[in-house]
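The two complexes that follow have chain A in common; it is paired with chain B in the first and with chain C in the second.
And then the complex of A and B:
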C-alpha cells in the first residue's frame, strides 16, 4: 500500500511541477516588463529543478538552482536594472510580424506531440544509477583510457568561460583607453539630474 | 518514485521548447529574446534527463552529465549576449529589437 502511495505521490508532484513550469513559461511569453519575465523564468528554473530531483538526478537539480536560477538570472536581472530607465515597458509586446512568428512554434509543438504519440510506451529503468554527486564525479573525472573522456570537455568549458568573460569585458567597455576617472564621475553625476 | 511516465517528460520538454521559440520569434524586447533562448536550453536539458532515465545502469549518468555542460554554455551565452545588449543599447537608447535593423541596408 505504501509503495502505491509513493508512486501516486511521485506522479502528483510531477504534475504539480509541470503545471508550474508551463504557467511560468506562459508568463514569460505574456509579461509586460522584462523584470516580470525574469521572475517568471526563475520560476520555470526552480520547477524544473524539482522535476530533475523527482527523475532521480538531484545533483543536476542543485546545479540548476545554483547556476541557472542563481547566477545567470542574477546577471540578467542586473543588466535589466542597469539599462532600465522607465522606458523598457514602452516597447510594445507584439507586432504584426508576431503572428507570422507564432506559426513555427505551433508547427513544432504539433509535430513533436504527434511524433511522441506514435512511439511505443517505455518505462523508467528502476535499476538505474541515481545521479548523486559521487557517481557524477566518478564518471566525469574518469581518467582511464577506456573512460568517456568527460574531463577533456570539462577543461574546454573552463577555457570557453574564460574567453566569454574576456569578450564580455571587451564588448561592454566604453573604449579600450577609457577616460580618466574624474570625467566619468562627473558624467554620472550629471546623468542623475 | 518511478511511476513518472517518460512520455510526459518529453511532452513537457516539447511544449517548453515551443514556448521558448515563441518567445524568441514574437517578442520585441531584446531581453525577452535572450530569455527565450534560455527557455529553449532548459527544455533541451529536460529532454536529456528524461531520456537518460531509460538507459540501463551507469549509462544513465552520461545523459545527466551533458546538461551540466549545457548549463555552462548557457552561462557563457548569457554573459556575451548581455554584453552585446549593453553595447548596442548605448548608442540607441532603446531595447526594441526593431531599432537594430541597420544591417538590412
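And then the complex of A and C:
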C-alpha cells in the first residue's frame, strides 16, 4: 500500500492533521464560551497549515501560521479579552440560527464527497507544485508583458488594505480627538445643511 | 546488531538523527549560564557582591564550593519545584494551565530553524550527501521563525486573561499590544537584509555574510531597528510593560506560582537566547569567523609572492583546521588564565582582610585558581600541538564524484569544524545576551504611551524608509530580477 517510509509518514501526518482540524472545527461550533471557540479556531489554523506543508506548499503553510494564527486570531482573542462582557457571557449551544448555519456546510460536504467519489485519485508531484517561495515569487512578480500580471492585483489589494486602514483611522479620530464643544457645533452645522 | 551495522554504515545520518535531541539539550545547558550572567551582571553594574551564599560543602576537606553563584539556579529550582502548586479558584482552569507551556514550546522550537554550523557535504556510497546545519531545512526558514515568534504572544494573552485578575489582564493587554506593534517594525527592518541576500534561508544568509561582510555593516539602520524590536518581543527592559511592581504587581504572571511561574521565566530566558542567536545569525555572521577577508601570501614562483584576500569560510577552516583550532584553543586558554589571575587577585584581597570565613574562602579561591590555570595551560598546550601537528587533506575521489566541485573531508574534520562553528555561534549569542542584560540594568523603563509612540511613529517610518533606500540601492548595484 505504501511505497516508502516517506509516504507512510506523510499519510500518518495527514491523518493526524485532518483529525485535529475536524476536532478543532467541531470545538469551534460546540463551545459555549467565545474564548474557547477562538482558541479552537487557532487549532484549526495550525493543523490546516500542517496540511498545506504536506501538500507541498510550505510557504502557504508558514503564511497561514503567521497571518491567521499569529495576527488575525491574536486580534480576535484580544477583542474578546477587552470586551468585559465575554467573561460571563455564554451563548446557548444551538439556537434557531444553527439550522440555517448547518445547511451550507452540509451542501459543501455533499459536493466534496461527490467530487471524491467520481474522480480518480491524483498524486502530487512535489517538483510541479508551485508552493515553494521561489516559484511563488516568480509567478506573482512576472513583469513581462506576456506574463499573467498578478503583480497588478497584488498592488491593488495592497492599496485597498491601505484605504481600509486610513478609513479606520479617520473613524477613530472623529471620536477621539474632537472635544465635546466642537462635537456639538458640528452637529449644529450638520443640521443647518 | 542491525542497528549497529546501520550506524557504522551511515555515521552522518546517525548524527542527523541525534542532533534534534542534542541541540535543545545543549541550549538548555546554556540557559542557567544566561541566568548566572544576568545575576552577576546586575551585581556588577549595581556595584554589589552578587550571588555568593549558596554552597556545597565537601566533607573532609573543609571546602565550600560556591561555583560563582551557579548554585543559585539549583536552589531556585528546588524552591520553585516544592512550592505549593496553587491554582486560584477564580481562574479559567484550562487556559490557566495551558498558558505557561506556550512560551517554552515556541522557545524550544525556534532554535531548530537556526543554522548552528555550515552544511556538511559527505560521501554517501556513490553519491554526495549533505548534512544541513539547521534541524528543519526549508526555503522559508526565517518566515517560520517569525510565525513561531508571533505564536508565543498567546502565552502572555491566555495567561493574563485566564488568571481572572485585573492586574494580570492589564499587564497582558499592555504586553500583547506592544508585541503585536513591534512585530511590524521587526518584519520590516529585516526585509532590507533579505533583499540584499535574496533568500529567506538562514543558511544562505549566513553564507552570504561569510563572503561579503556582516549584516550589521551592510544594514546598520536595519540592525538597530531589529535589535530594539527584539527587546520589545522579549519583553525585556526598557520594554517590560508586561510586569511592573509599582503599577500592576507581577503583571501577567501575578496569579502564577511554583513550576508554572518557572515555566514563564524559562520561556523568557529562552526567548532572550533565541533573540540573541537570531541577531548573531542575521547581522553578525552566524558561524562565520570574520567580517573581512584576510591577506594571504601565495607563492607565485622563486622568491616572489602575491597577496590574496582570502575569506575564512568553512572550506578554508577545513583546509587549515590545525591553525584555526590553535587560535581558538589559544584564545580560550588565555581567557581562562586571565580568569585564574582575576581570582588570585580576589584571594590576595581576602588575605588582607579579617573576615570570619577568611580561611574558607581563601582555600576555595586557591582551588579555583589552580583548576583554571591547569585548564588554561592545557588548552594552550593543545593549541601548540594542533598548530604544529594537525594537518588535513580532502578525501581524493574517483569517477563521478570527482566532478563535484566542493572538497570532501574525513569525518573527524567535519566534526571538529562543526564544533568550532557551534562555539562561534554560541559565543556571538552570549555577547548579544550580555547586551540584553546590560541594557536591562542600565536604562529606566519606558511609559506605555512612549513605547507605542516609538513603535508606530518612529521605528515603523525609519524601517519603511530604510527598506525603500535598500531596495533602490540593491536594484542599482545588484541589478535584481
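The working rule: the second predicted complex is superposed on the first by the 142 of 193 C-alpha atoms of A that agree within 3 Å, B and C clash if a C-alpha of one lies under 4 Å from a C-alpha of the other, contacts with A are read in each partner's own complex, and residues count from 1 in each chain.
Note that in this section a contact is a pair of C-beta atoms (placed from the backbone, for glycine too) under 8 Å apart; a residue touches a chain by one contact, two chains touch by 3 or more.
Computed from a predicted structure; not experimentally measured.
Novice: As a test of reading the superposition: which chain, chain B or chain C, is in touch with more residues of chain A?
Specialist: After superposition, B is the partner touching more of chain A.
Novice: Please work out whether A:42 is in contact with chain B alone, chain C alone, both, or neither, and reply first, second, both or neither.
Specialist: Second partner only.
Novice: For A:70 in the superposed arrangement: first (chain B), second (chain C), both or neither?
Specialist: second
Novice: Going by the contact rule set out at the top, does A:106 touch chain B (first), chain C (second), both, or neither?
Specialist: Touch partner of A:106: chain B, not chain C.
Novice: Check whether A:133 is in contact with chain B, with chain C, with both or with neither, and answer first, second, both or neither.
Specialist: second
Novice: Have a look at where A:62 lands relative to chain B and chain C in the superposition and call it first, second, both or neither.
Specialist: second
Novice: Once the structures are superposed on A, label A:82 by its partner contacts, choosing first (chain B), second (chain C), both or neither.
Specialist: both
Novice: Taking the contacts chain A makes with chain B in one complex and with chain C in the other, which residues are shared?
Specialist: Looking at chain A, the two contact sets intersect at 59, 63, 71, 75, 82, 87.
Novice: Which bits of chain A are touching chain B when the two form their complex?
Specialist: It is residues 6-8, 10-11, 14, 18, 21-22, 25-26, 28-29, 34, 37-38, 41, 44-45, 48, 51-52, 54-57, 59-60, 63-64, 67-68, 71-72, 75-76, 79-80, 82-83, 87-88, 91-95, 98, 101-102, 104-106, 108-109, 112-113, 116, 119, 121-129, 131, 135-136, 139-140, 148, 150, 153, 157, 160-161, 163-165, 167-169, 171-172, 174 of chain A that touch chain B.
Novice: Mind pulling up the chain A residues that touch chain C in the complex?
Specialist: 35-36, 39, 42, 58-59, 62-63, 65-66, 69-71, 74-75, 77-78, 81-82, 87, 132-134
Novice: Mind listing the chain B positions that touch chain A in their complex?
Specialist: 1-12, 14-23, 25-29, 31-32, 34-36, 38-39, 42, 45-46, 49-50, 52-58, 60-62, 64-65, 67-69, 71-80, 82-87, 89-90, 93-96, 98
Novice: Can you list the residues on chain C that touch chain A in the complex?
Specialist: Counting only chain C, the residues touching chain A are 92, 94-95, 138-140, 143-144, 146-148, 150-151, 153-154, 157-158, 160-161, 164, 169, 172-173, 176-177, 180, 183, 200.
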